[in-house]
Every structure is written in structure tokens, then in C-alpha cells.
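In C-alpha cells below, several structures.
In what follows, subunit A forms one complex with subunit B and a second complex with subunit C.
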Partner chain A sequence: MRRTLDTGNAAITEGAIIAGCRLFAGYPITPATEIAENMSRRLPQVGGYYVQAEDEMTALHICIGGSLGGLKTMTATSGPGFILYADPMGWALGSEIPLVVVNAQRVGPVSGITGAPGQGEFYMSRYPTQGGNYETIVLAPNSVQEAFSITVEAFYLAERFRMPVIILADQLVTDGWESLSIPETPEEVEAMGLKVIPRRINEGPEFYPATDEIDIPPVVLGHNTDAACSDWTPTPEGYDTEEVDFQHKHAYRLIYKVRNHKDLITRYESYFVDDNPDLILVAYGSPSRVVISAVKQAREKGLKVGALRLISLWPFPDEIFKVPAKYLSVELNYDGQLVREVQRAMPKGSEVHFFGKCGELPTVAELEEMMQALLAGKEIKARNWEWEAW
Partner chain B sequence: MAKRTEVLVSGFGGQGVVRIGQTLSTAAVYQGLNTTMLVSHGTETRGGYVRTQVVMASESIDSPVVENPDYFIALSKAAYNRFISLVKEGTVIYDPAYVEPDESLPIKQVPLAARDTAVKELGRELYANAVVLGAMARMMAGLVDKENILKAMLERIPRFHEENKRAFELGYALMPKE
Partner chain C sequence: MDYLATKYLRPRKIPSTACSGCGLGQAHKKVVKAIDELGLGIGDVIWGTGIGCAGRQTFNTWKGDNFAGTHGRAYAIATGLRMALAPDKKIIMTVGDGDAFGIGFLHLLNCARRNVGMTVIVLDNLGYQSTGGQYGWTTPRGYRTDSSPYGMREPNWTQEGRDVLNILREAGATFLARYTSLQGQEAVEAIKKAIMNNGFSLVHMPYPCVTNFAERALGTRKPVEIYKWFGEHTCSMHEKGPDDFAFRTGIYHDASNSRPEFSEYMKTWVAEIQRRYS
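Take a look at the complex of A and B:
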């Protein structure tokens, strides 16, 4: 085991290498630039390929090409590049092409500020392309170490579910420095609970069964297969079709292969939720770390509060919102995104509140003030943009 | 067991603020501690501030935000003015070449003539951050070993090792032991 101080970007790079990624195509952008930089150095060392694309749309197309050629592939960007993935993302989702996409969120909209964190693509990671009739798998690390392990897991899920898996990180996770343990042998990888599946090859004749099955090998072109793997709706044999009956079956497959195996995807952490707390804070990514600190300190002071930290964001883990309580969604945006899902998922008798920060983390002191006020049932005085009853 | 220790380093671009943070964090790894380090700066600002927030602890670290610094290393007036209110029980280490401390505050404030020492003894201001690291090795004795900070510094600063080592020892000698 190698113990070091490094960034989330370095951790994601090493996770990808260990997971078997052998092609990276990307267009560098802060705060994900070092993933491209590190990949350009690391991939040639393991017989892989680094491609500097002319833009993000091309980058994801190259990843699709690499995956259809039998390689595990990854691309990485931030919000301004993630929007350009929209076109190829639909192809990867529709034709069930495994690959991994990293979005290191920075504050937006548009180019925003390069060196400030944001959480603006929560819904965009659910709907990263047009057309509907699909589910996405989205994972959100909150530390450098977890950025490493989630990258390995993203490749694992991509192969099993045969689809793009999105890692929704943020600037503080990717550009932040932290102590990091990297396994150096297969035994150490296994001891960390990480699983790696080699790329398999589907030899047909059926490539897109009208079922919710997972663990079906993906199409690799050139292996005596006739699957077109185009961006049109396929027949089970992989031919393009205009028959709406096939459209029904394919849409069912894209949606329910994820929904019906949600238990393989859903991951979260809960803190102090077993004694029916009065207030539960909900967060993902880097603000969740401040939330956990704040809730631990509040418990020491006798406040009956808990926390839910989401690790998988989509499919949304409705089932973990069991306790009727006041819920406070803490996010790195002012518009409130996660809070809408919390409002939808929370049980009857609950109420929902929102605390957003824009471009910087909240502090423990700020969160304590929010918790005290909410527990006291006080009318919260709006502090400009910082507080909004939901 | 080392309790959570927070270090805030701030100054302007070019002073080695990030290197100081990286070195202390790397030394914490050598010490077997957990550590986080956040860097904030504006690429467009001049005369503004660069800030690194370092946390180290035996246990896993939840919030990486420095809200109650045990050590605040202030290397510019702007940095001092911006962050001094965070210091409640911690120690301020300031460079008098840039910072005129507010003596009315009921906190411990220690001058460290990093710039002048680097210029006078080594001829270049460039080594001032190594002076700071030497001083911190003295301040943080008992939490992080001097050898680990020195080793981390030589790893994080790849050039002029002899000069940086001298600056480090000068800083170490300047600082009274905590």
C-alpha cells in the first residue's frame, strides 16, 4: 500500500488505471485538468492510449469508439464541458456502451469561476442527453480516498450495467489534497473491497434482449458480430429499426435494467438517524463533510439531529428517507436541486428546508446556527441569498 | 493520538503559501496522520490573497474547513486583515515585513522575520517560505517531527536544496519552542 498526499484528480487517475482503463480522451479544464495530465503520463506506462481531443463532444465520441473497440475508457471534464457530452452521451446510453465520465463540478452557470466548487449538475447528471427513456448511474465522492475507490466502482458498474457511469465530483474533491492510500497488488485491491471485471465480448446473436438483465457482455465490434451499435433504436440482434414495438422493448430495458437492480448501486452513509431525530441534514460531495462535522458536534451538545450522506445520487435513493422529520438539504448552489428530490422522497409528516452556498463550503458554525433555528421552530430571517425556507 | 490541528497559511501569490501547506500536509502523512489541504486563490487577482487550509488528525477528518486555526501564518497585510478574526485560541505567526499586528487582540501573536532573514542570510526572498517551515517545525514539535517536515520540504521544493535547508534551520532557530 502506498501512502501519499495527493489530489482527487490523481486519485481518480490511479483508480481508473487499477480498474483497467486503457483509453482516456479529453479536453483539459479546471478543476479536472490534472486527470488529463496524469492520464497522459500513466496510460502509456500500462500500454494504454491518451487522446487529446479538439473538444468535449469529440472526447466522448472517442471514448465510445474505444469502448466499441474493446477497451475500458474514461473522459473527465467540468460543467462547461459536461454540457458538450450531451450528444455522445445519448449514444452511449442508448447503445449500452460501457464507459466512465467524470464531472468535477465548479460554480456556474456557464464558465463561472474555475477555482470554486459547485453542485449545479445534479439534475443534468440525471438527464445528460435528450430523448428520455433511460436511467443514469451517478456516484458522488466526498474525499480524495473515496474518489479513488468510486472510480474503480464506476468501471465495475459500467461493465455490469453496460452503460456510461457518471462520477459527479466537485472542485474541492478533485483539486483538494488529502492523505491517500493506493493499493499496489491485486490482493491489496481486493482487501479494500474493490472489484474489477475484465472487459468481456458479446458474440451474439442477441445483443439487446427485451429484459431487465444485467451482466450481459457489451458489443465489441469486429468479433464476428453483426450488431450495428449505431445511435438508432436496435432490434435485439442489433440492427437499426423503425418499428415502434422494438422501441418499447428497448426503452423498457434501458430503464428497468437500472431500476430493478438499484440495490447494486445505492450507497449512502447515515449518522444518528436511529432515534427518530427531529432534524436530518442531507448532502453529497464536499459539503457533506462539513455536515457530518456539524452533526457530530451538535449531538455532543445534545441536539437531536442526524445526517444522510448520499454516495449514489441516481437512481435516487428514495427508500433511505424513512423517518418523518425536518429535512435540511445543504448544497453548493443557491437554486436548490437536491432539495427537490428530498421533498419528493421524504415521508408524510416531514418538512423540507434548504441551505445553499455558492462557490464555497458552508462552515460548521453556519450549520449549527441553521440547526438551532430549525429545532426551535423559529421563523428564519432570510440572510440575503444564504437562507431560503423551502 | 493527535487531536485535530488546523493550520491556515495566507499571503500573496509567489510567497510559497501553497508549498508551505503542501509541505506540512506531506509531513503529516509521513507522521502517520490523516490530513486534508484546500487551496483557494483567484488567478485574476494581484495583491489579493492565496490561502491554504491544512487539517491534520489521528482520526479521520470530516470537515476540511479551517474555522478555528491552531496556527495562522500571515504573510501579507491583506491576509492578516481578512482572516485574523478566525483566531480565537490559536497562535498567529506573522512576518513583520508585511504585517503590522493588531496588538489590542487577546491572542498570541509571534513575529517571524522570514523575508528579512532570507534576504540577509541567503540573498533572496525566495527562501522565506523555508524559513517559515523551519519555524513551524519548532512550533509544531510534538505533533509533527522536524525530520518529517524537512523531508517533506525537500520533496515538495525540488531545487536549491542546500539553501532551503539553511533557511529551514535559520527559521527553526528563530522560533521559541512552544
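Take a look at the complex of A and C:
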């Protein structure tokens, strides 16, 4: 085990390499540039390739091509590059290409502020491309160490579900420095609870079965399997078809291979939710660090509050919202993206409130003020978008 | 095509659903013939396609491995694929003019710059015909299409001193040629050279669209008319050709195997780094 002090960007790089990533295509963008830089340094050392693409759309297409040729591939960006993935993302989801996409979210809208954390692509990571008829897998680390392990896990899920897996990080996680332990042997990887599966090759002739099964090897070209893959609605053999019946089957597979194996994806942490707290804070990524501290402190002061920290964001973990309570969603945006999902998932008799910040984390003191007020049932004057009852 | 089709193409896709009389089949056959004359087998080629008549009609016709990119992106996918494939596998792509010279042009230029090993055959029907017949990047000036009812007025990539092949040469392509689908063995020979170049090759192959293009541009769907019109507008790249416009044909640039192929170069380079750090 190598113990070091490093950034989330470095952690993602090392996680990818341990997971077997051997092709990274990217385009420089703050705050994900360092992933590209680290990859350009580390990949050749392990026999892998770094390609600097002409834009992010190309980067993800190159990753698709590499994956189609049998390599494990990854790309990384931030919001303004993530939108350019829309075209290849559809291809990768539709043709079931295993690969990993990192989004180090920064504050928007549009190009926003390059070096400030945001959480603006929660919904976009659910619907990153056109056409619907698919589910996505999205994971959100809140520390450097977890950025490492989630990257290994993302590659694992990508192979099993044969689809792109999105790591939705934020600038504080990717740029932040923390201690990091990197396993150096397969035994150490396993001891960390991480799994790595090698790329398998689908031998055909049914490359796209109309089932919800996972663990089906992906299409790999160049191995005399007479494979076919495209952006068209496929028959099981990969022929393009205009028949609606095949579209139903394709859509069923893309949706239900994820929905019916959600238990393999869902990950979260809960704090003090077993005694039916009156108020539960919900967060993911870096704000969850403050939320957990604030809730622990509040408990010490006798406030009956709890917290849910989401690690997997999509498919949304509806089933973890068990307790009827007031929910407070704490996010790095002003539009309250998580709020709608919490509202949908929470049990009857609950209500949801929102506290948003952009470019910086909320403080423990701010959160305590919110908790006190909400618990007291006080009418809190909405400070515009900063905090309003939803 | 019979002998070639039986040997190389999937019965389920041949004959294609192209309009009857379309020149696409001729062009497709030339590519397969070149492959056959080179003695390549089904497992030697990965066949890529784009979108439009060329993409849709040729996708998954190859008995071996096939892929189709979204519109214009097959070149970027092929770049990644090239990195992963064994060097002896050939990537051959049949794409349309809109795909290559329009929406995918940025990727095409960068493939030429990197000299990524692939052979791109641009099957050019002079506009967007699968969507009904709108003008494109090679539609001759002045001709009517559904989106140029008063005649095509935009500067294109092939007239007035511009030639898309010159741009690709400057970008670093190592083999470039233009032949129409009506031309014979010389076109097949050019495709063979393109395939044998270990680098980025492109063959621009205009072909007659007997329906949408012919009807708007020439006022008739009679195949004989557009075939005649094609013949009248075809000349050697060394000639000036007819005044209004010409398909100037020949091998434009043959720098085969003069520059390192991108993936091979990267593999050598990576091996060198590994050696240094091991």
C-alpha cells in the first residue's frame, strides 16, 4: 500500500490505471485538466495511450473506438465539456460500450467560473443524450480516497453492465488535497473491497439480446466475431432495423438491465436516521462533508437530525428515503436539482427544503442555523434563491 | 457483384435498399473488388460507415466486423479503434459527402494530421439525398436542390479554386484520390493503393443519385441522363474540364508510407517510455 498526499485528480488517475484503463482521450478543462495531465504521464508507463482530442466530443468518440477495440478507456471533463459528450454518449449507451466518464463539476451556468465547485449536472448525468429509453449509472465521490475507489468501481460496473459509467465529482473533490492510499498488489485491491474484471469479448451471433441480463461480454471488433454495432436500433445480431418491435426490445434492455440490478449499484451513507429524526439533510459530493459534520455537532447539542449522503446518484435511490420527516437538500447550485428527486422519493407526510450555495461550501454554522429554524417550524423569510421552502 | 458479394457480403443486406439505378452499388462494388484483388480476407477488414445513403446502404454489408458512427463521427471512433486494433487489421470506411466534408470535417482533418491508419471512401451523391435532396458541400454551384430552389449559391469545397483534397493534403493525409463511380479499373487501382498505404487515405468518389439529385438538378429521373451528365463533367485532374464544374479525377497525392502511422508511432513511443521507467 502506497500512502501519499494527493488530489482527487491523481486519485482518479491511479484508480483508472488499477482498473485496467489503457486509453485516455481528453481535452484540457479546469478543473479536470490534471486528470489529463496525470494520465499523459502515467499511462505510457504502464503501456497505455494518452490522446489529446480536438474537442470533448471527439475525446469520448475516441474512447468508444478504443473500447470497441478491446481497451478499457476513460475521459474526463467539466460542465462545458460534458455537454459535448451528448453525441457520443448516446452511441455508447445505445451500443452498450463500457467506458468511464468523469465530470469535475464547476459552477455554471455556461462556462461560469472555472475554479469554483458546482453541482449543475445532476439531471444532465441522468439524461446526457437524446432519445430517452435508457438508464445511466452515476457515482459521486466526496473525498480523494473515495475518488480513487469509485473510479475502480466505475470500471467494474461499466464492464458488468456494458455501458458508460459517469463519475459526477466536483472541483473540491478533484482539486482538493487529502491523504490517499493506493493498493499496489491485487491482494491489496481486494482487501479494499474493490474488484477488477478484465475485458471479455462477445462471440456473437447475438450481440444485443432482448433481456435485462448483465455480465454479457461487450462487442469487441477485430477478433473475427463478425460483430456489428451502430447508432441504429439493432436486431440482436446488430443489423440496423426500422422495426418498432426491435426498438421496444432494445429500450427494454437499456432500461431494465440497470433497473433490475439496482442493488448492485446503489450506495449511500446514513447518519442518525434510525430514531425517526425530525429533519434529515441530503447531500452528495463535497457539500456532504459539511453536512455530516453539521449533523454530528447538532446531535451533540440534542437536535434530532439525521443525514443521507448519496454515493450513487442514478438510478436515484428512492428506497433509502424511508422516514417521514422534513428533508433539507444541500447542494452547490441555486436551482435545487436534488430537491425534485427527494420530493418524489420521500414518504407521505414529509416536506423538502433547499439550501444552495455556489462556488463555495456552506458552513457548519449556516447549516446549524437552517436546522434550528426548520426544527422550530419557524417561518423563514426566503432569502431569494439562497434558501426557500420548496 | 455476384462473386464478390457471395465471398464478402452478407446476404441479408444485398441487394441494398438503395433506389434502383443508384450509382452507390457501383461504388460499393469497386471497394469490395479492390479488397478482393489485394487478397484480403473477411477477418482482415473492419468496415465502418456513417449516416446518409452511403452509410445506411453499406452498414453491416461486410461479412466480418462492422461499425457505424453517428453522423460525422466515424473518423473519431476509428482513431480510438486504431489504437486498440492489431496493426494488420485494416479499417475501411464508406461514408457520405455530408458526413466527411460537412459535419465530420474536423475529425477528418485531425485524422489526416495524425495520419491515423484508415481508408476513407467518400461516396458523394452531391448533397443530402437521404433526407430528400438538400444541397451540401460538393453540390455544384447554381444547381437546384430542395434547399436551393433558386440554385445553390454557397461556395462549396470543390469549385472556384478550392479543392477539399488540397486541404486534406495540407493537413497531412498520405494518400488522396478522386474517381467517379462510373470510372473503371483505374478507380479500383486507386482504392487498392489507398488501402495499402499504412496511414490516412481518402478516395473521393462522386456517384450518380438518380432520384433526388437528378430530379431537382437535371429535371429528370431517367438514369441515363445523370449518367450522361456525370460523363460530361468528368475529366483528368490535369485538365480544366467543362466551364461550369468538373469532377477532376486521378491520384492527387501519393505519399504512401512516408510518415509514421499514428497508432504504430504511439505504440513504439509508449514502449520506449515503459523501457525507461521499468
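As a convention for this text, the second predicted complex is superposed on the first by the 388 of 390 C-alpha atoms of A that agree within 3 Å, B and C clash if a C-alpha of one lies under 4 Å from a C-alpha of the other, contacts with A are read in each partner's own complex, and residues count from 1 in each chain.
The criterion applied here is as follows: contacts are C-beta pairs under 8 Å (C-beta built on N, C-alpha and C of every residue); 3 or more make two chains touch, one makes a residue touch a chain.
Just so it is clear, the model here is predicted, and its values are computed rather than measured.
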item	value
Partner chain(s) touched by A:Glu178 [first = subunit B, second = subunit C, both, neither]	first
First, second, both or neither for A:Ala365, with subunit B first and subunit C second	first
Touching partner for A:Arg289 - first (subunit B), second (subunit C), both, neither	first
More subunit A residues in contact [subunit B versus subunit C]	C
Partner chain in contact with A:Leu5 - subunit B first, subunit C second, else both or neither	first
Partner chain(s) touched by A:Ala228 [first = subunit B, second = subunit C, both, neither]	second
Touching partner for A:Gly120 - first (subunit B), second (subunit C), both, neither	neither
Interface residues, subunit A side, partner subunit C - complex	23, 25, 43-49, 51, 53-55, 57-58, 61-71, 73, 87-88, 90-91, 221-222, 224-232, 238-240
Complex contacts: residues of subunit B adjacent to subunit A	21-22, 25-26, 28-29, 33-43, 61-65, 67
Subunit A contact footprint on subunit C (complex, rising order)	12-13, 42-43, 46, 49, 51, 56, 59-60, 63-70, 73, 76-86, 89, 106-107, 110, 266, 269-271, 273-274, 277
Residue numbers on subunit A that touch subunit B, as the complex places them	3-5, 114-116, 172, 175-179, 286, 289-290, 292-294, 296, 361, 363-365
